[in-house]
Amino acid sequence: MGASKIVPISDAISSIVEDGSFVAVGGMHLHNNPMALVREIIRQGRRIGKLLTSPCGAMNADLLLGAGLVDELVTSYVGFEHLGLAPNFRRLAEQGSIRILECDEPYITHGLYAGAGGLPFIPLPRGLEYSDIPKVNPESYAYAEDPFSGERVLVGAPLSPEVALLHAQLSDAQGNAVLLGAHFLDRSMALASKHVILQVERIVSTEEISSHPMGTTIPAFLVDAVVLAAGGCHPTSSHAFYTYDEEHLRQYLAMARDERGTDEYLTRYVHQTTEALYSQSTTDRISGLRYEGSLEERGR
Amino acid sequence: MSLDQTTDWSSSELMATVLAGELHDGEVAIMGTGSAIPQASCRLAQLTHAPNFSYIAGGTCSVNPYQQPLVASACDYRLLRAETAVPLTDVVLMEGRGDVFDIFFAGGIQIDVYGNCNLVAVGSWNHPHPRGPGSVGLPFLSRVGRTLIYTMSHNRRTFVEKVDFRSGPGFLEGPVSWREAGLMGGGPAMVVTPLCAMTFNPETLRMRIASLHPGVELQQVVDATGFEIEIEEPVPNTAPPSPEQLDILRAMDPDGLLR
Amino acid sequence: MGASKIVPISDAISSIVEDGSFVAVGGMHLHNNPMALVREIIRQGRRIGKLLTSPCGAMNADLLLGAGLVDELVTSYVGFEHLGLAPNFRRLAEQGSIRILECDEPYITHGLYAGAGGLPFIPLPRGLEYSDIPKVNPESYAYAEDPFSGERVLVGAPLSPEVALLHAQLSDAQGNAVLLGAHFLDRSMALASKHVILQVERIVSTEEISSHPMGTTIPAFLVDAVVLAAGGCHPTSSHAFYTYDEEHLRQYLAMARDERGTDEYLTRYVHQTTEALYSQSTTDRISGLRYEGSLEERGR
Amino acid sequence: MSLDQTTDWSSSELMATVLAGELHDGEVAIMGTGSAIPQASCRLAQLTHAPNFSYIAGGTCSVNPYQQPLVASACDYRLLRAETAVPLTDVVLMEGRGDVFDIFFAGGIQIDVYGNCNLVAVGSWNHPHPRGPGSVGLPFLSRVGRTLIYTMSHNRRTFVEKVDFRSGPGFLEGPVSWREAGLMGGGPAMVVTPLCAMTFNPETLRMRIASLHPGVELQQVVDATGFEIEIEEPVPNTAPPSPEQLDILRAMDPDGLLR
């Protein structure tokens, strides 16, 4: 019914992501990373003032770090699971050349809840103060007095990103989006962020969305732009569509061991290509990565 | 993982079996990253002695995944071949409630004598080497029934007297600080490595050898451990997986993640 | 796979609901009220120390109030929407013979979040302190200092019921439950409560639950007992199954205008019947209340 | 509601039309209980001048319900005949965020000269008469773009100088307290009753008559209002629903909820 929000990927990034802004990037571990949007940010050289990952960032964060575009990183994990550590994250952290706001999963989750709900701050369960994390991140963690018990409790600052970069499997042209498979913190990021850019595997009709009204949805009025990006999570997975490309990821991990290799990777897979060309060049690989017997329906 | 020369099961299969033995009927467990071994142990427990045991695969947040097949990634879509699934946000709530999960599977790039885990930084946090991936939900160890720790790295870099950065609380700095903290969680219960299983002395709260895996010498463990580990001789041998257990593990692991 | 938790309704109440406990009752407005469980509580004369409704209680609260079983009521609304005010709630409140913990929807929602997550208390968005509600309910509301801004902010106490009484459309025998249609605060109550008693329209196989793993679910390990109660929301609706029985509700509202009429209603529809008999006697009415063209599938 | 004797549309239909005129393309609205009139106004706006307008039916939390048909209950299952739906918990978050909803539809058993609403208690809170149903989400009025108030009861019991219990904040106690509070919400914008539409004087923040519904005399409103209402003569007449608007309203209302 409303106007279409489908835009070319370059316009989505250039018109919504301002230099220096606080950006949340969706997906978790090797899954549902909005890599098309991430690559386009790198092509446009947009600086990210603060980058927030889900509890577990992976390629989404490591590539932006490798491109030297991140000033501050808000995360509780960046890695490649069984494939190894995140090479750029590790190198920059060991060099001391990235500012890390060290977090844990409960704070990131509850902090997004606070950001989404306009809560001025968020108390954390007793016991979390026994990790060393709050000590090294006074910007995110502090102590407050619980007026009911009189006790001093650990609390977190709300997380309110300016832009969320998210991948959804399905969306209509207005941005009513369905996340098939696991949701991770993607809906939390959509709720907490001032703007949402969605990359989607497939554009569907509003009737298709309406046919499962309780299917997990980001409502269109939270969404600023919809970018069609079939295969756009590559080399990570898109739940219900394709799994991660382990060979490509291993190649990345090998190349990204040093800055020069990272630059080579970025040149080959980001700067010297467009998302349209990237998508074309990975079509065959992605065909080989489709989930066996996956039913898109199942994911709801 | 290659097969043990002297047996027909792998270290990972043995570890999964040992961990399964710690899981009781009716309990609920949670696990996070890099979790093929605990996933296998949970499913194994369900299919043998603990049919009312439940577990959540912390990434997808699927409840009682059928492990058809066992997968390497905690967020794999195939984990949704499961009894059901809940949102990640709900799992974080349940972890915080503190009375939902009986067991939390943990690990670390460092694990210390009191069972504290470190997934963040070796050396100083400002100039780490190596920098670890990060803590994820490990601070919740302070609120869980008991912690089961597993690692494939039994060496002096991993097992240290004191973690450089505490990201998952164990018995803190020992009996005094543990008692003073008055945490609702029960603390670490067991540590399983490719060499042995370890528990904690209830008095000193220090790690002690519980059983040596078949073929492992006591001195190997002592040499591979960066703190003085408590030993109460004679140290028993870890029971190897039974043929039934191996059948179950292999049926769920066609890709050989545990081999 | 696990053991069945299906029990007779009398056992569910007698073994789980202790006298004087803090009970949350699910459903909202004229919908999904777990009336079978509510009636059984009345039959057994279980005192409720504290009763929590969703933001909008209706028959679920009013009947328990009319039966004189509630010591304290935690709510932000009890009423019958377009059908009128809640007669017992109104009478008891005007007589001053019920202790009301006056709340608003944001506190009930966030308070359950805090209860579910073990958060010691929960800050509320700035501005909510401009209603008079916090003034009359110092047990639930207080002020704390925000350590980040130094400002004094309104906060709420966590809500941690001992038992949640909930209606689910589908569940397996172990208690993996699917809420078709709207979820209201039912899942929040399940997450925040120590025990959960589910009444369900239909018992299905675990395979049926598994076939939509992301369908809105209360996982079995949170559930203590499953009670089969087809039509068990009558006279309120059960989403995807049947709508509310307006004629019956109007009869209730007419009878409940005074204590004597309330007693008559309770005698006829609660004490002199069992849930099995109640269900039998309403089968025909419920057939007439089925949603036109409703697809159970749609609700997911 | 019965048909107005002198016209061929009802009070409710007129009110829905007036409210629809306040809804702009691209805005997002939220409403709660007893909401057939605002529901109809929102859908009417969408189908006429505001195709990019969105609204949430606060009970089911369905987004842009198609009103096939218009229903009386805010939580009706048939409201899920909608573009989509979100959990109630998400709606509470969005209400708190404060920059998502442009419009909140409100009402009260008392509404005062500054647009404060009372859904809780007339008289003292301890001994109310009548006791109202309760506030639900009305305290969020302090954080929303603007409030549209509607009521079917235009009389001196409802329209009072000062609410006995403030459950939905309007302009508080007038310009000074409103300025001091510095709330992010814009405050009440309009009040619609079966007699007239009212707005607020931007200087005094007191309610004033904006337009009289066809057939209503100014004195009727003055008599029915329990405070001195501001009047700037000549007071215009409210534009009646157009034939197109009536066609749309009646197509969505086969059960005649607005008649």
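To keep things simple, chains are lettered A, B, C and D as they appear, and every chain counts its residues starting from 1.
Keep in mind that, in the parts below, contacts are C-beta pairs under 8 Å (C-beta built on N, C-alpha and C of every residue); 3 or more make two chains touch, one makes a residue touch a chain.
What you are looking at is a predicted structure, and each value in this text was computed from that prediction instead of being measured.
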item	value
Length of the line joining the C-alpha centres of chain A and chain D, rounded to whole Å	39
Distance between chain centroids, defined by C-alpha means - chain C, chain D (Å)	28
Chain A-chain C separation of Cα centroids, rounded to whole Å	37
For chain B, residues contacting two or more additional chains	62, 80, 85, 92, 96, 98, 143
Residues of chain A whose C-beta touches two or more other chains	106, 110, 113, 117-119, 124-126, 181-183, 187, 213-215, 298-299
Pairwise touch network: line, ring, star, complete, or other	other
Contacting chain pairs - touch in the sense defined above	A-B, A-C, A-D, B-C, C-D
Residue ranges of chain A in contact with chain B within the complex	28-31, 55-56, 75-79, 81-82, 85-86, 89-90, 93-94, 96, 102-106, 109-110, 113, 124-128, 130-133, 136, 181-185, 187-188, 237, 239-240, 243-244, 291, 294, 298-299
Touching residues (chain side chain C, partner chain B) in the complex	1-3, 113, 115-119, 176, 187, 191-192, 194, 206, 209-210, 213-215, 217, 219-222
Partner chain C, residues of chain A touching it in the complex	106, 110, 113-114, 117-126, 142-149, 151, 153, 155, 157, 180-183, 211-216, 297-300
Complex contacts: residues of chain D adjacent to chain A	28, 46, 51-52, 54, 62-64, 80-86, 90, 92-94, 96-100, 143
Partner chain C, residues of chain D touching it in the complex	33-34, 36, 59-62, 72-78, 80, 85, 87-89, 92, 95-96, 98, 119-121, 125-140, 142-143, 165-169, 172, 181, 183-185
